Amino acid sequence: MMQTIGRPPAEPFRIHRRALLALSAAGLTGALPHRTQAASPGQVTYAVHISLAASWLDPGQTSGLITPFLLLYALHDALVKPMPGTAYGAGLAESWTASEDGLTYDFVLRSNALFHNGDPVTADDVKFSFERYHGANYADLQGRVASIETPDPRHVRFRLKQPWPDFLTFYGGATGAGWIVPRKHIEAVGEEAFKKAPVGAGPYKFVSFNPGVELVLEAFEQYWQKPPSVKRIVMKVIPDEGTRLAALKSGEVDIAYSVRGELAEELRKTPGLKLEAVAVQGTFAVYFPEQWTPSSPWHDIRIRRAVNFAIDHQGINQALTQGYSHVTGSGVIPDMFEFYWQPPKPEYNPDKARSLLAEAGRPNGFDAGFYYCDSSYSNIGEAVVNNLREVGINVRLRPIERAGFVKAWGEKQYKNLIQIGPGASGNAATRMESLVVKGGQFVYGSYPDIDELFPQQAVELDHAKREAILHRMQQLVYEKALYAPIWQLAFLNGVGPRVGTSSFGRIPGFPYTAPYEDITLKSA
Amino acid sequence: MSITTTTDVAAIEGPARLGLFRSRDFPWVPVLIILTIALVAVFADFLAPHNPEVGSLSARFKPPFWLAGGSMTYPLGTDQLGRDMLSRLIYGARVSMVVGFTAVIFAGVVGTTLGIISGYLGGWVDQIIMRITDAWLALPALTFAIFLAAIVGPSEMNIVIILALVYWTRYARIVRGEVLSLKEREFVRLAVVAGCSKWTIMRKHILPNVVNSAIVLASLMLGVVIVAEASLSFLGVGVPPPKPAWGLMLSDGKQGLMVGYWWLTVLPGLCIMLMVLSTNLLGDWLRVKLDPQLRQL
Amino acid sequence: MRQFVLKRFGYSLLSLFLLSVTIFFFVRITGDPATLLTEPGASEADIAAIHHRFGLDRPLVVQYVLFIASLLRGDLGQSFYYQTPVMELYWSRLPNSLLLAAVAMTFSLIIGIPSGIIAAVRVGSVWDSLGKVFGLLGLSLPSFFIGMLMILFFSVYLGWLPSSGSGTALHVIMPAFALGWYFAAAHMRMTRSSMLEVLGSEYIKLARLKGLPQSLVIAKHAFKNALIPVLTLAGINLVLMINVAVIVETVFAWPGIGRLLYEGISFRDFPVVQGIVILGGTMIIGVNLLVDIVYAVIDPRIRLEA
């Protein structure tokens, strides 16, 4: 069942039943040599790789994953959000200032910002949206904000309890708290109705949603920036990669998300189709949970270094992601994050790996147990395990289904080697917090010299000084071979011939097509 | 609708079974195929030219030797990680056979036992077992398997257990049906009158006579189980890589199918087909020989 | 008779109860939905908030009682992932699954029965061997393999059929074929062996002796009798078909129940998994009950023994 505004829903079968039976009885309809489904002008159809969840239509419930933003950028708008060229792009706020002491943030709203129902975006809505937000990090956010003042409809002032240098990062980028929803409308129709038919301030309006199947959006002509050039967007959920590519090739969809491996190679070779890769904020590395245990082989830094030299980063990059992934050498921090420190480039040298192993007393390699990984990324795992076995480190791949993996990982149940792929938004500090520093959710052990630096940077308001501390921390991580970095994943997508600008890769680290208002179709 | 007498059923044991080998229509080809696959599985270490689990990235997607770009180094080509297909197929025989046979045997043992107990003892024992079977069957097999894999994680052993747990109910129902009609037979009644205990009767009289059905069912299930393993791998919960199971190779290679690397799927597919073909032909023949009344299988 | 029916009904309820308890607790062992709705590294507070929102922080027994209470009212709860009532999701997808199963079953009978008959009538000939080969192909090729081959051929190369989704008759052709293929082979085998059985029977021999032409013999007598076991098998297979449809639904992005259940498991969407399993289970158990009753009506021994 769908809630529709405008167009009627597509029914499971339109053709009269008898004709249906006749057709199927006749087997294949041999006499129909036509292109299936001519694409409608002014419409862009997407093949989406994951099932679209209803909660992604509502900024009040964003979860900390990047996927909800796929829809948020289309339906909604924020005061400040990552935009082309900057992590703090002006959205609904035309300008903002922070006070010297870091306790007050003032925003000035645009006069021409409207919701889909015609109501103007006011300071009241901003306050309401913040208080309504109950997604990831909401307790943290609400705990740090002392009060929100709305002196007039176009001015909002946030007062913090203590200086918090990361306020804008969380308010604008990492959470949905700064994405504005209309208070009057929600109070009028109620939360349930709003969730079924969301109203926002973004470039596209909600038309219909068939959960797990299809989402239809229509251009919002009064969008403050400009009316979008593509009038209609249809997102179809197609979970199988091969099928997505087939749909792209046959012209049924114009954009296909996530096309990997040899399918990506095929995409490149197909005339008319383009492969567009985005290096996202997901970094992959091999973690050594046993490095703090003296009896474990992983305690020896030479063996950890050997793993570093054994991985054929570029080879795997070429094989799995057509060379688009960034082999940065940083295990857990993507290169577009604030406070990123560039380590020396990783080197692939299996001989050196073997000699390090020999030095460490294992000239013939050793049986290294299991290599745990999230099964959706087992292709990466397979390649790395392949490399490790080539130098004599005999690990066995253990792909675990996502939910189970994350749970066991967080509960510190894994030993030997773990392939991690954190993708949360934030900056270098937030990644350090959960993955390196003592007390972090996925931290199996820590080093005191790194730990003591962390609280120092948390209160440092001077940007340059803070950066220096965070750089030092990352340098220590590198020197101690805490991780063996693999890469920063590239998200590969296919774009069909009808699309002019796809908007892929315009916002650093963002895997999907945004800003939506900039997407264009080539004139026929 | 053919009728078998009591003596017929009771007599096909011992020496009579061995006589089957000498029948005119003994299916030599299928049996030879199965034996070959079994031998390949056992001697994989000597037969395979390369390590099936380690490959070199520079040798990815090489085609079989008779195509341009192929060579005798990798006679049947390589896969997405540069692993030799021939070696993987050879070792895959081992994995698929082990998984297939073990699962079928486990399922058979559990299902037959429960079927006999349920059918013979009747009463509330029967009801409980049947209710459990009902509830079990109400859970869709494939998704039940995904469920279990989600809880215990995929590994070769777990897949065997999962497949066994999914398919035991087939045996139970059919065996129970058999037992219900066997119970009324003269030789069983005689045994009861003679004072044999329930367990003795089940063991000595019932069991040997349902074994035939179980064997036929097992031969038919083998193919089903191997294909089920392929389907589980497709959904991401089958035998974990890099172990080469034919089903896994089939699902690994499906992306390659789209781009023309046909050998990644067609070759393991052919192996599966040969295996299923042979076991089914053997099962068909056994069914006819052991008890014509088993046509409903 | 009444006692029999009541007894059976009681047992069915017991099965259902067992099923509900099993699925309820089983599902909760598989993991925590909160870990999937948040990025690794989410704070305790976030996870706790999600638990509270879904009522997962209450004691298990309480959760179960609440679950049963709303179940009896016809409310299967709300999907964690889709924020929609499970019933709504189920009913929106059910027609698709039924359509797919119906077309696939029709196809499997249309292909399976005639080929089985031909193979039986011409037993030992080329046709029979062809039939056997077809039968084995059906059993030994997984549905996803066939599906992918078809998409490659008919969507990408020829452009005749849409590769995924639903909406028109064209959309249902390939998924139904991929799904029905295995069953076509199974029905063919059953028809063949059943036909052979009937053709070899006394009754048919008599008809032949009477001088009736071969085709009449087949059409009137053999066919009808041979059909009974096939149709019984088809009935059993319909349930199986709906259950294995998940693979075809994934390959073709067909919006059916199978995929909904699979996604529910992947997302640890407890209400969806519970709801679908119980609804599906109810149907199956209900059908079993009906079949048992019908058999009891036909054969008195059964109801006495029970």
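We call the chains A, B and C, going by the order they appear; numbering starts again at 1 in every chain.
Simple rule for what comes next: a contact is a pair of C-beta atoms (placed from the backbone, for glycine too) under 8 Å apart; a residue touches a chain by one contact, two chains touch by 3 or more.
Owing to the predicted nature of the structure, the values given are computational and were not obtained by experimental measurement.
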By number of C-beta pairs in contact, which two chains lead?
A-C
Measuring centre to centre with C-alpha atoms, which chain is farthest from chain A?
B
Need the CA-centroid distance for the pair chain A / chain B, whole Å please.
43
Roughly how far is chain A from chain C, going centre to centre by Cα mean, in whole Å?
37
Here the gap between chain B and chain C, centre to centre from mean Cα coordinates and rounded to Å, is 21
Where in chain B do residues touch two or more other chains at once?
150-151, 254, 257-258
What are the residues of chain A that contact at least two other chains?
242, 246, 401, 403-404
Scan chain C for residues touching two or more other chains and write them down.
30-31, 148, 152, 156, 250, 266
Residues of chain A touching chain C in the complex
1-2, 10-15, 19-21, 23-25, 28-29, 32-37, 51, 53-55, 63-66, 134-140, 195, 210-214, 236-240, 242-243, 246-247, 249-250, 252, 401-404, 406-407, 409-410, 422-425, 430, 433-435, 440-442
Looking at the complex, which residues from chain A come into contact with chain B?
241-242, 245-246, 260-263, 265-266, 312, 315-316, 318-319, 375-376, 378-379, 382-383, 385-386, 389-390, 397-401, 403-404
Interface with chain A, chain B side, in the complex: residues 53-58, 60-61, 80-81, 149-151, 153-155, 236-237, 240-242, 254-261
Sites on chain B touched by chain C in the complex
1, 122, 127, 130-132, 134-135, 137-143, 146-147, 150-151, 223-224, 227, 230-231, 234-235, 247, 250-251, 254, 257-258, 265, 269, 272-273, 275-277, 280, 295-296
Chain C residues within the chain A interface of the complex:
30-33, 35-43, 45-46, 49, 53, 79, 81-84, 88-89, 91-92, 95-96, 99, 103, 106-107, 110, 148, 151-152, 154-156, 158-170, 172-173, 176, 250-253, 255, 259-260, 263, 266-268
